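Below are two complexes that have chain A in common, paired first with chain B and then with chain C.
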Partner chain A sequence: MRLRLWRRASRLHAMDGFQKVLLLLMIVLSVFMLLPIVYIFNHAFKPYHELFVYPPTFFVKEPVLQNWNELVAVTARSTVPMVRYLFNSVFISGLAVLLVTAASALCAYPLAKHRFPGYKLVFAAIILTLMFAPEVVQIPRYLVVSQLGIMNTYFGHLLPLMAMPIGVFLLKQFMDQIPNALLEAARIDGANEFTVFLRIVIPVCKPAVATIAILAFQSSWGNTESSALFMMDEEMKSFAFYLSTLTNNLANNVAMQGAAAVAALILFVPNLIVFVILQGKVIATMAHSGIK
Partner chain B sequence: MSSKATPLLPRSTVEMTKLDPADVEMTGLAANSAAAGLARATNSAVVGPSTATRLEAPEAKPKKQKRRLARLLREMWAHRISYLFITPFLLCFVAFIAIPVLAAVALSFTYFNAIESPRFIGWQNFQYLISQDLLFLKHALPNTIKFALIVGPGGYVAAFLLAWLIVQLPARLRKWFALAMYTPSLTIGIAMSIVWLPMLSGDRIGYLNSILLRIGFIDVPKLWVTDPSLLMNAMIVVTLWSSMGVGFLAMLAGLLNVPQDYYEAARIDGLKSRLQEIWYITIPSMKPQMLFGAVMAIVTTFKTGAIGVELSGQNPTPEYAGHLIINHIDDFGFIRFEMGYAAAISVFLLLLMYVSNKLSWGLFGSKEDE
Partner chain C sequence: MATILINHVYKRYSSSKHAVVSDFHMEIKDKEFLVFVGPSGCGKSTTLRMIAGLEEISEGEVYIGDRLVNDLPPKDRDIAMVFQNYALYPNMSVFENIAFGLRLRKLPRHEIDQSVRRAARALELDAYLDRKPSQLSGGQRQRVALGRAIVRSPQVFLMDEPLSNLDAKLRVQMRMEIIKLHKTLGVTFVYVTHDQVEAMTMADRIVVMKDGLIQQIDTPEAVYSTPANTFVAGFIGSPQMNFIEGRIQKEPTGRLAFHTSRFAIPLPQDIAAMLERHGLIDKRVTLGIRPENISLEGLYSDAVITGIFKLDELMGADRYLHLEIGQERLLVLRVQAHIRAVEDEPLRIVPDMSKALFFHPDTGVRFA
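Right after this comes the complex of A and B.
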């Protein structure tokens, strides 16, 4: 134990003065950034008398599950069981991650490595839409979805998500760096384009694929737009949407703050977990990609 | 890096000689180091096919065109696998991005209330928007501009600075600080307002009020999210807090990718301070990521809208203090069902985004030739 402490201390000495000051500054900043999040964790487990005490406390003293029970009690009154919303969200997010990454990678590969007629046009269109937010054109999107007849279906959740220009863009940029010789070698060995894509391009692009998976998960897990606009039936809506209806009126209403904190946790934690799992890979590989 | 791109060089050189402005921008953004290398290579060799084709005799044209079409078709057929690959994405792209944008443009010239079919009314929507819509002119537009001017460049500079500071730390610590900075951007949607509401709540139980009261900075609790004069500030702080997203990660990766020997070479050449290093080495060598970060900052800034409603809990926000263009679109589109007018506002917003992007392209694209 002492040895470990000593080693850590010596590591600290290895940094120069600038780095020490910087470390301190960054720790303060990180605390500020994470404060609201640590706080929401605590808030979710506070009993009533701690929620509204003055002066307000930051950390929970006697953690209870009362807020969780409250949330369950509220959801028990709704017509559709909470499990259904949860199932919808998990199902949609899982499929969305698969489909978005697949579609993006499939599109990015020819853009990066095949010079087919029109590839510049396609890529220019993708760059252009990178600058636009689809949220801005919600109304025509609604019209398209209703015309396609995919209102009230899982396609209505999934297909709009698949049009994620940033996914194609990032993957294409990453694939540009794959040496053509590598692909040529595989082709000479008799691999067709699909095998090349699956066996060489995807494994080499793992970090980029992981990044797209993160983005796809984030955009689908917290997505309330498709539920609000494209889904009429209550049992087709997502968990995020359900929670937002629960907490909509909470803004000026302190009564359900605890339950709201629980809801926020449920929405936030999967995002964090997915990111932490995949982030190590992403940043580590990104650091190495500079040496190649 | 550029050596890997050399197999592509001959062909791309030919294509890049026909540079029109759109292509220049495209390569500007596309420029990871490989593309940037290509662009530089071509700048020195702009001669060639485009001038050659112009010199052709006019009477040979139809025949030539037919032959060219045939060749194009043949080439397209040879690349049928490529088209197969891009089809799934392209279909969704066309259906949910291209068509909606075009439809918005078309609808913006109509009166459309979602019940009757759209009626063409020319420029009237736009005329009303920029001359008579007081809510828009007095609240939505100035609010959006103020919000965007602070959150956009502010968040952007902050993202770069934070990424730079993180890179200065020893390698094994970087990951954790990157995580700490990125985490807030995960609190999307409703989670964000729930996280911040108790902090900014207007009574003395609100954390900010409680702290400020205790240190004697204020005498009475402030209504951070319901007072019209304070709401905008609250929105800006919360948005900045959560703005270290994809752009930040891209800049971090870009910084990590700057080769160390650049710095060493620069030191030998007499660069002294770290500031000089940033200005002369870091930023020029990570321009592609800087531009990407800028585009992301602009898009996220302009599409933010719900935050004011969520924080204040009122729609519209008190005295329209947090009324942004996006709220204005929702207001007309989903509450008043004036879809044509809402489409006109969204076209205006798209134009605003486009112009801002152009501006950032000017910033990071112009130095490309130096």
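Right after this comes the complex of A and C.
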């Protein structure tokens, strides 16, 4: 332990002035980035008089569970039980993570490693879609979902999520880095194209896949759009949507602010968990270890 | 049994009319160690990749054994390939890297285990089976790549510059291991390199290539002593063969001699007869002579060149002397290390004309 401490200190010692300034800057920045998370956690436990205190405080002084009780009370009154919304969200998000990463990877692999006529055009089209704001595509999306006749189904939740251009882009860039010799070696070893993809390409791209899994989870877990636009039945709607209806139009309202604070926390926690699980993979830099 | 017949093969990329490999035609014998050698961009790797099935064949046929393989995917050609950058799967352990091909063939588990361990023992990798490629040194990685190839006991081994990423000492060691491997496996090896020393030391036969064209196919000895043209003569051998531009003339005594603006060297009978047969009297020719076939003047000789000593390179046992003899390039000769010369002083040297080669001054083709 002592040795490790000493090493840390020596590393700090080895930094020049510029690096120390950068380090300080990064620390300040990361604390700043952490503030909303601290705020969400504290907010959920604030009693009413603290919720409305001005100027707002980050840390709770007298933590209470009253907001949780309020949320439970509110949900008890709803026609569809809360667990149904929760189930919908878990089910949709779980499937979305699988389907989005699979679709992105399957799309990125040929773009990165196969030269088919028009591949540049396809990739350019995917990049182009990165530029659209989500609001722009709401109406076309609605038309697609409605024409396909998948309104009011889980597939209606999933399909709009599955086209994630940022995922394709990220994975393609990552796959570009894989040396062709690696794929050729596998082909000579007897692998068919799908085996190469599954056993070589995907494991090597793990960091990018993990990143996309996080993005896919976040976009599906917090998604209220598909519930609002494509779902008619209350029992098909998502947890995020349900919580947003609870807390909507509360800007000038005192009632239920406590429930809203708890709802925000509940919505946030799964994101945090998924990120913590996968972050090791995201940070892990790809080791081109077999390649000199 | 795996002879490889490469029948008038061409490689063109669709974007250009220019062929990267033109009219490549040869038969690689069973159990032969064949080396493709040439400068980078000469098409040697492309040819190897066409045999492997990694590159499409634009024209011509490739047979492995008696099977036409033009349209067979690499995995059905019964080949193994070792790449320059090793191409080990970074996500798998050494064991899994070697076993990958066997697993894909759905061999029983104990059989896979057995053959991987046998290969690992032969390549002294037993201690590293659990490691990831990133934890190995360059030489070990190369041995894993070799292991991956040998466990599959293919008919043909293809190697694409496998040693060029290793340092000089390791390269010599691995060279020996590959030669040993070829002897024990007794299968056909096709080996690509840009290093003429590797080609000379390992090959049963060498294919020298340039600009997509075969320049010569022959044994290392023959390629060295009777190169087909000035390119092969210059590419094989280090230091390079000396080329001297001059003219064949008949002396008043009736003997033939090689004349440059500075000196004249009488030619021995058999070479003179050969040159006469080609009708080269009073014609320009390029004389080629290797550095080891030139010596410092002895007791008596009638073929003496006087050059101005410019610089020398000590190679340990030998010393290379560079002399100015009125040609575009300095003449190099190999002498013993203890011989020293004084800069800018004349030095009298004697080429062994019985070892001299004559080339066409424009096409570079050797007269024989």
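One rule holds for everything that comes next: the second predicted complex is superposed on the first by the 236 of 292 C-alpha atoms of A that agree within 3 Å, B and C clash if a C-alpha of one lies under 4 Å from a C-alpha of the other, contacts with A are read in each partner's own complex, and residues count from 1 in each chain.
As a convention for this text, a residue touches a chain if its C-beta (ideal position, glycine included) is under 8 Å from a C-beta of that chain, and two chains touch if they have at least 3 such contacts.
Bear in mind the structure is a predicted one, so any value in this text is a computation, not a measurement.
Participant: Applying the document's definition of touch, where does A:79 land relative to chain B and chain C: first, second, both, or neither?
Facilitator: neither
Participant: In the superposed model, which partner reaches more residues of chain A, chain B or chain C?
Facilitator: Of chain B and chain C, more residues of chain A lie in contact with B.
Participant: Classify the contacts of A:204 with the two partner chains as first (chain B alone), second (chain C alone), both, or neither.
Facilitator: second
Participant: Who does A:195 touch here: chain B (first), chain C (second), both, or neither?
Facilitator: In the superposition, A:195 contacts chain C only.
Participant: By the touch definition at the top of the document, which applies to A:131: first (chain B), second (chain C), both, or neither?
Facilitator: First partner only.
Participant: Who does A:186 touch here: chain B (first), chain C (second), both, or neither?
Facilitator: second
Participant: Touching chain B and also chain C: which chain A residues?
Facilitator: Overlap of chain B and chain C footprints on chain A: residues 179, 181, 287, 289-290, 292.
Participant: Give the list of chain A residues in touch with chain C in this complex.
Facilitator: Counting only chain A, the residues touching chain C are 179, 181-182, 184-192, 195, 199-200, 203-204, 206, 287-292.
Participant: In their shared complex, at which residues does chain A touch chain B?
Facilitator: Against chain B, the touching part of chain A is residues 14-15, 18-19, 22-23, 25-26, 29-30, 33-34, 36-37, 39-40, 43, 52-56, 58, 102-104, 106-107, 109-111, 114-120, 122-127, 129-141, 143-145, 148, 159-160, 162-163, 165-166, 168, 173, 176-177, 179-181, 193-194, 197, 215, 218, 222, 224, 240, 243-244, 247, 249-254, 257, 260-261, 263-264, 267-268, 271-272, 275-276, 279-280, 282-284, 286-287, 289-290, 292.
Participant: Okay, in this complex, where on chain C does chain A touch?
Facilitator: Chain C reaches chain A through residues 52-54, 73-75, 79-81, 83-91, 97, 100-101, 104-105, 132-135, 138, 141, 148, 152, 165.
Participant: Across the complex, what residues on chain B touch chain A?
Facilitator: 1, 4-5, 7-8, 11, 15, 22-23, 25-26, 29-30, 32, 34-35, 72, 75-76, 79, 81-83, 85-86, 88-90, 92-93, 95-101, 103-104, 107, 162, 165-166, 168-171, 173-184, 186-191, 193-199, 201, 204-207, 210, 214, 225-226, 241, 244, 246, 249, 252-253, 256-259, 295, 298-300, 302-303, 305, 310-314, 326, 329-330, 333, 339, 342-343, 346, 349-350, 353-354, 357
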